[in-house]
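After this come two complexes, each holding chain A, first together with chain B and then together with chain C.
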Partner chain A sequence: MGPKKVARSASSDDPEELARVPLQAVLLADSFATKFRPITLERPKVLLPLVNVPMIEYTLAWLESVGVEEVFVFCCAHSNQVKDYLNKSQWTKPPSSFSFSVSTIESHDAISAGDALRVIYNRSVIRGDFILVSGDTVSNMDLTQALEEHKDRRKKDPLAVMTMVIKHAKPSSTTLQTRLGTDEIIMGIHPETKELLYYEDKADHLQRVILLDKTLLMENPALRLHNDKQDCFIDICSPEVLSLFTDNFDYQHLRRHFVKGLLVDDIMGYKIFTYETHASYAARVENFRSYDTISKDIIQRWTYPFVPDVQYLGIGYQAKLERQGIYRAPDVILSRSAHVGAFSFVGNGTTIGDHSHISTSVIGQRCVIGKNVVIESSYIWDNVTIEDGCKLSHALVCDGVHLRAGVILESGVILSFKVEVGQKLVIPAYSKVSVLPQPCKQDSDEELEYADATSGVIESPSITSVANARNQDLLSDMLDVPGSDANKVGISGVGYIWSVSEAEHDEEWRFSIAPIPKEKLEKFSHSAHDDNDEVNHDESSIPASGELIPDSDGTDFDGGVGEDYRDSADFENEVEATFRRALAGVDVQNVILEISSLRLSYNMSHADCAGALFYAIMKSASDISYSNNTELSANTKMEINKWKNLLKNYIKSQDEEIEVIMKFEEICLETIREFRPLFTDILHHLYEEDIITEDAILSWENEKQGADESDKIFVKQAEHFIKWLKEASEEDEDEDD
Partner chain B sequence: MPDVQALVGDFALKLKRRKVEGSHASARQTAELLRSVVSQQRLPHAGQAAVLIDAVRAVGEQLIAANPVELAVGNIIRRVLHIIREEDLSSTTTAMEGLGLSADSDDDNAGDHEDRPALSAAAVAAAARSALRAPSLHTLLEDIPESAAVPHASSSGGDSEGKSKSADKSLKSRKLKHDVIEAINELIQDIDTCHEQISEQAVEHIHQNEVILTLGRSRTVKEFLCAAKEKKRSFRVFVAEGAPRYQGHVLAKELVTKGLQTTIITDSAVFAMISRVNMVIVGAHAIMANGGVIAPVGLNMVALAARRHAVPFVVVAGSHKLCPLYPHNPEVLLNDLRSPADLLDFDEFSDCMDFASRGGSPLLHVVNPTFDYVPPNLVSLFITDTGGHNPSYMYRLIADYYSADDLVVKRRSTS
Partner chain C sequence: MDFQVVVLAGGASKNLTPLVSEEIPKALLPVANRPVLSYVLELLESSNLKDLIVVVEGSDAALRVGGWISGAYVDRLHVEVAAVPEDIGTAGALRAVAHHLTASDILVVSGDLVTDVPPGVVAATHRRHGAVVTALLCDTPISGISETGSKDKAKKLGRYNIVGLDPTRQFLLLIASGAEVEKDTRVQKSILGAVGQMEIRADLMDAHMYALKRSVLQEVLDQKDSFHSIRQDVLPYLVRSQLRSEVAKIEEGWNTTITSKTNLIWLSQHREIAPSAFHNGHELDANGSLSAQSTHKCCAYIAGKNKYCARLNSIQAFIDINRDVVGEASHLSGYSFSAQNNVVHPSAELGSKTTVGPQCMLAEGSKLGDKCSVKRSVIGRHCRIGSNVKIVNSVVMNHVTIEDGCLVQGSIICSNVHLQERCVLKDCQVGAGYVVTSGSEHKSESLAKR
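Here is the complex of A and B:
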């Protein structure tokens, strides 16, 4: 890679190229998330072994292979461990002919990726384009082309500051989750320039509705919306990105704030482009689900050459690949009757006893596994002791764990470092156990709850009664003198079971190592069906899949409604003021822009915009002096004709049209009563101007059917018109037949 | 020698990271690296050959461990070891001719080398003969039993010699090193010119209006075919495309630019076409000691088809691909499983590998082996830079190029 690049830059005459800066990369060795707790309390995420190799090795090896020459590893939590690791690793050894250097940047007060990038900016070490990755990225893609595309674009357009690597992925249609356990992402991409125009990672899955800014469609002749793309979290950035982070000190999250910020903010005009990689592999270990998936991908060699038997990674010993994808380190003591199934990895110095069965699992170094143990789709790290007769399925067991005889780990269990589990204990599904107590939350209520929960979980009925009594003893011991007394209790264990809040518990299966249980999948496919049905019947209603809405979401929603009233009044006033400025001669484009930004800042829908705008138009119409109703009607029609294009910006579907009619009703009833007699007349006009379609009017009428008599005055007033519409449509249908 | 160590480390890293690929490139670079190892190695007055051998072994161990699948690396290391032994032997014999031979060997035997066979005059003579490369079956048979003993003995012979005679040792040390470097240079040259030497023989094998079938792309095969074309032979070539890397397409392009009549077929069409073919010519990744071939995937099928229709199956390979090891479980141990991405698009099949909703165990497996093992009975002829050979003759060539001591390139912990 190195020499090739030199040759290329030497051959080009571009002065910018001649002053070549080495390709740099920023590696964030902190995910700024808590998905891997409780494990990450003791060890940083990037040092967690993925198929027996710390994750950061994969990222560094990949960066080295794509020709990066300088890597800045940003460490925050557990920075000492990261630094120690790097100092011992092959990467920081005095470089030979490979020009690849790794240096660390440390900061202890950074709490987000945004903070990290601001720290890096202040160090002013980045001199040119750089690659921004997090330390948990596994990839084997060739970045050369993406880099070139980025550079070419930069030459033409200095505002193209970032190229995001994306990949095709199919989120499951039932769970709306990718195989990596991340939520479906909706991206709007320009089909030719590949510019990213829209990014939404928190789309409302329950409603299955996304809201697009109309300006987006106006400004771009073509836009392709994707829900089948996976964000690889590999970004090629220009140095401006760092300064942008510094300028906008409130940017925290790379995607949620920075990317969305740039997309929404038209003022600076910065653009983000995408690069889609096809054959190669790129993924990020974001949660336990992706840990499981990526481990399996590595074992199945999708990440070649970053696989265990090719010594790209600093694994220290050579694992041999045998038939059926079994990787075995040289010093494994395997009992004759033990069976290691396909797609497994057994690490160095591990002993496996008689009649033990291991399948699709990864076992670390120096583990001792007893007799009749069944290990299925589990991840066992180093120095783990598993005594006879244990059963593990879909579990993750960290370093130094001791499972005494007969322990059963149900699916999705996480045992953090040095946990000991007493005999014949059954750890219920999705539990997380750590020797460290769960950190207290700020809320005092929750703290109480937590204290209850720790003891509560142990006493939970899922533990066999035999173990129960014994275990309670242990636990009381342990709670009194945590840690110190643990060794005294020979038959029992050490560790706290972490409690999860109710809302989280519901979601636990989504990100767990274990496969999604069948019932959940069925439930999902049912609700998906229901959703579809309901959407067909009535598009405006929210599907009632209550069981899937976590509690927290529910309350959020309620809170939102409560605030709505206050906000919407403000919003209307603002829109009206903006509209007045338009009357005073401000360019229509700017008005659109301002209303769009108002919409975003007040978190309103397009329907609200349409309503507010319509209100403003009507108000301006009524402000023009008039003598009788005919004149008022004429004035109004004129105003509507004048502004209909503006209005149409926000009327994208029937919902908005109905909103306009309702708003009109409200205006007539409450604010500008002068329009009362003109309701049908203007409605007809709106219909003729194609602002409102007949479907909208008819469904509005439908909706009013069950309303109070007092609400029905306008329906009655428009009776003739509606009748006429109905007849007309019937005639249409007749003609069609 | 931090200098050499760095070089070795670099090369090992390159091999580990699969940055050096192809047996030709690996062989050449290994030889060059060993040349600098030898030239920078400081030699003591005594036991020069042993020191050199140890140094080369130390390097060799690292390199072989770095990429055990690339057999050419190990081959070159063994060749260099053999060269050192030979050069040492020839210099010893010349030295011994000057000295009183018997006294030295007696000295030697009185020491702690009792377990080793005596260094008899006959053995020395035989060794000297083999050093002078007298490749007759007779010498070979005579040579083999002692060959294990000769190098140790000779090195210790050098030892005692150093004690007794110190006059010409500086000259000798320079001479040994010089000779070895010379020989390695020759080896490098051999590797460089192997294509020409092989393709020189092309006219003898390819006849007018013949149909040749090959699979995938091998540089040796390409040059072989082009050489025949240049000698005004007109013939046709069928190229099986060599899935999943489809190197056959590249080969077809190259052949067409040389004006050869070329037909591309899929790998699965080989059996259908083989009855029209006069000869199959393919390249190899390595030739094993039993005459079996490690070759690009798909070739075993081609060989079986050729055997079924009694079509000669010819393997062209430079002598650096000749490996003195016997294949044990070659389908697994000498294979390289590459990324399944060559076979199918990961993205398209990602829903088949959604472990979350499919019970947690992978149902779809994709296996992409790089090599096939073609057993010796399916090969009709090997064409190397030294001429055409039968598979059953391979052991003989190997005895020429390698010393039986070096089959295991590992430093002995004792001695």
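Here is the complex of A and C:
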């Protein structure tokens, strides 16, 4: 096993030690993402070989080395494969001297890390602090200090529920990507306590500035903002984390929901801390680019002791390290004229023919490589047959693939299991080929990237059978095999080229194994410069805040009380959309139901609803064509009459009524200025229709008393009306007497 | 040292009414019985910066300041006093004197700065980096009375600026001042990207001492007519545009004078070369060799914790600075303190049973009656103070008459004020020449002649 044995139970007679719970770990054997498709359609990601060893081996070996005693492997997609693998591996039948046990937890309906943790919570197997990792983590770091820091903090402050491991990694300034292919992460960390104060992993690249909330700097005199740190996705969690996931059933993603949720939520006051590891290695195989990078790191021994010549668990044989970082398994048949270049790995039972040239590549077991083959920076798994004269560069070739003579794989090509490629075929760059057809609809028991639907990876409409058929035609055309079956790619070829949706295509090169092409880099640096130009251009005229929010229409009705502008704008848009559906004939009751649920999900008050709905009504009124103010006024009154029952649903007290008036003011001032001259008229109408009571109008006027002159335009406009109201109420009182 | 110094002495600042007046512009307000401007001038003199331009708002004020300087610093400093119209702003003031500026670098100092940070270090930092602007930053001053410190700790520290620094704390990457401080902070991604790590501090204050490259300064002042203030417009502009600088392009000669070596230092400090595959073979890096021409450096010098640094820009600051200069920062005052830790001029007369506590100053010709008590206060020249008078935490300027039985606490009494018998003043400011009638009580008021 791992040669490192952290002193874990050396002093078991210590009274504290007796009470202690064994160190536990949760290993998520499902990434809940689709980055490794199409390969993951057939095999779970954690079992994909990384330098000829399944990824999960690295994670388990590392967990064992840091002194973890109980590992819960959570499997979801392809759970049987994971379980079978673990049952066969030595992890589940350790010698009795090991206090390291691996057990699996299975669930088939989990679609996110959040679901997984909720399942684990329900099993109540976690008794103390635990380490949360995913099964694609490669690390050799020593967690002792991080664990100690975490425990010390917990003693002082029970609210410190999580410690995140981070590592220095500078993203490129042009592509904003780290060498692992992950997007840049912006983290704000307290310089002394290392508390995490700000986390943004899906920063909008178009936005040139990062907005730090003002309260952040009021509470902390200093804050260190990083974009040069990489999140290792190794978390030391307290049991509260599980219950937090259970309490917040909408938390799905560990970072996007959980971490950000805790940072934003200041009611519970839970805190997240960071631990930076400096010398040791920690990374996660997130996409093909990180697969490439981490493979190279392993071959270059950054992950020692988890390198091929030391850790040979998953392979069953020991590779020998030769000069120039070439690893060779014992049973390789290498032609005399074949050349294996630096930093390569050749697996057991592989044959390499004459004049073949291999550099910085990993080749699995029992592969047959013909003559004059050039393999460059590629990953070839087991049982692959490559016939004479093939050229591969920056490609990933899975088990059982057969490349016939003269095939050329351009950079970034992924060939999934058992694909066969016909003679002299050129597979274009970034293609993904699989024997399975591309699923038209995403089924949820496969890996799924939750809450990321907007990025177009999943619901892209372009993945249709039409597109598929076209692609197959393309492939069979290229194969030039007449009479080929429509579904297959001919006699000599097996597989479908997966089509790539528009949005995805743009991302393809970012996450591919191949290095980023020069043109892309140039394009990027140009756009970066353009950005800067703009900065220079408009900065002097930019007001200090607010202008970068795209849909700022009527967002300021809350007066910027410090709530999330975007949320309220979203909410308004949603309400407006719902209202439009009502216009289109949806039943009013359903609309009420919909708005009520919107209110709950956005956490808005009735007043907000009333305001938003009123806005929607006014907008629809203004959309009806009119030629003069009288017509507009008539239209508006008509609309108001039509929808007053709907509106009244949300007007429960005077507060909402005032909100409506304020909203109206804002509409007149900012969004639909046409209503300006009609303010009093419509206000009167609202009064007549009993939507707004006179008390509300009077207290609105009262509120405005102390306001700026500019705020009082409408009070002035409505002066007569208010006066009339006042007189009327006085008369009422007189009558009462 | 080829530095020209511009001292912005201000005029009759509105923040400081009723202390300032036609007769006493802000620059001449007494701090430990010396005009506040003298602290800056002597500091500059000690750094051997003797060629000064003092800019004063308002011609009357300029005459008075000029008169005082020529009297006090004749033969010591070469001072030119320039009068500019009021409300022209600090940037406007610099525009007005721009034709006098010839040196390659300009040191701009606010006339209300009381500090012991030598301007030489700021200038040296500026030169060392070949920066376009170097700003002096200091810790946010703790206002209020240090004796009752326990109470003050609960109070939040004042927030003056939000400052972003690189990990070595040499480069200024972000600065927000004034109203922007209370808003959400906006960090430019391009700058963060270039540095990788930015330390954002809310506990530093811009001390208004800037070293500026003259050519750049003049370029900016010419181009941006709307810029009003150095602190709020010019400095943030320079900081914002440091990676993509128009000013540096104009400044072509400037770049060639800097050896490639300094560029390398700048590079290595600004970014660690990450082992990234993308870096190889593409040169258009934000800070890379190609774009080195279009970046300029904004530096910061952070005053050490043991240095004193404060600006007299509010009434509270006036009391605080007076207290500090006779108290914890007494080395600034230039007086030698007695064994009781106070300064009592030999010509001052004290009645029987009158006590002058530590951290007090009593200037020449002042007279105190019997049974008086003075604590942590500064009393100016030729004051007449009766018996049974208590003066605590206050500043009393020159020629003030205080009759028997008065109590003055936390207040500022300007020159020629007359306090009649048994007045009680707490946290008040009394403008010059005012008469407080006998027996009256005032609390937190500002009293001045109409």
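We take it that the second predicted complex is superposed on the first by the 467 of 737 C-alpha atoms of A that agree within 3 Å, B and C clash if a C-alpha of one lies under 4 Å from a C-alpha of the other, contacts with A are read in each partner's own complex, and residues count from 1 in each chain.
In the analysis below, a contact is a pair of C-beta atoms (placed from the backbone, for glycine too) under 8 Å apart; a residue touches a chain by one contact, two chains touch by 3 or more.
Here the structure is a predicted model, which is why all the values come from computation and not from measurement.
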First (chain B), second (chain C), both or neither touched by A:Glu322: first
First (chain B), second (chain C), both or neither touched by A:Asn80: neither
Which superposed partner A:Ile516 touches (first chain B, second chain C, both, neither): both
First, second, both or neither for A:Lys214, with chain B first and chain C second: second
Partner chain(s) touched by A:Leu223 [first = chain B, second = chain C, both, neither]: second
First (chain B), second (chain C), both or neither touched by A:Asn140: first
Chain B versus chain C as contact partner of A:Thr303, first or second or both or neither: first
Chain B versus chain C as contact partner of A:Asn573, first or second or both or neither: neither
Which of chain B and chain C A:Arg179 touches, first, second, both or neither: both
Shared chain A surface residues [contacts with chain B and with chain C]: 168-170, 172, 174-175, 177, 179, 293, 515-516, 521
Chain B partner contacts - residues on chain A that touch it in the complex: 61, 65, 96-98, 140, 167-170, 172, 174-175, 177, 179, 181, 278-281, 289, 292-293, 296-297, 300-305, 310-312, 318, 320-323, 325, 342-343, 359-360, 377, 394, 514-516, 521
Residues of chain C that touch chain A when the two form their complex: 156-157, 159, 162, 164, 179-180, 182-190, 192-194, 196-203, 224, 226, 237, 240-241, 243-244, 246, 271-272, 274-279, 281-282, 284-287
Chain B residues touching chain A - in the complex, by the definition given at the top: 6, 9-10, 13, 16-18, 65-66, 68, 332-333, 337-342, 345-348, 350-351, 353-362, 365-366, 368
Complex contact set, residues of chain A against chain C: 168-179, 184, 186, 188, 191, 203, 207-214, 216-218, 220-229, 293, 515-516, 518, 521-522, 525-526, 528-529, 531-533, 535-536, 539-540, 544-545
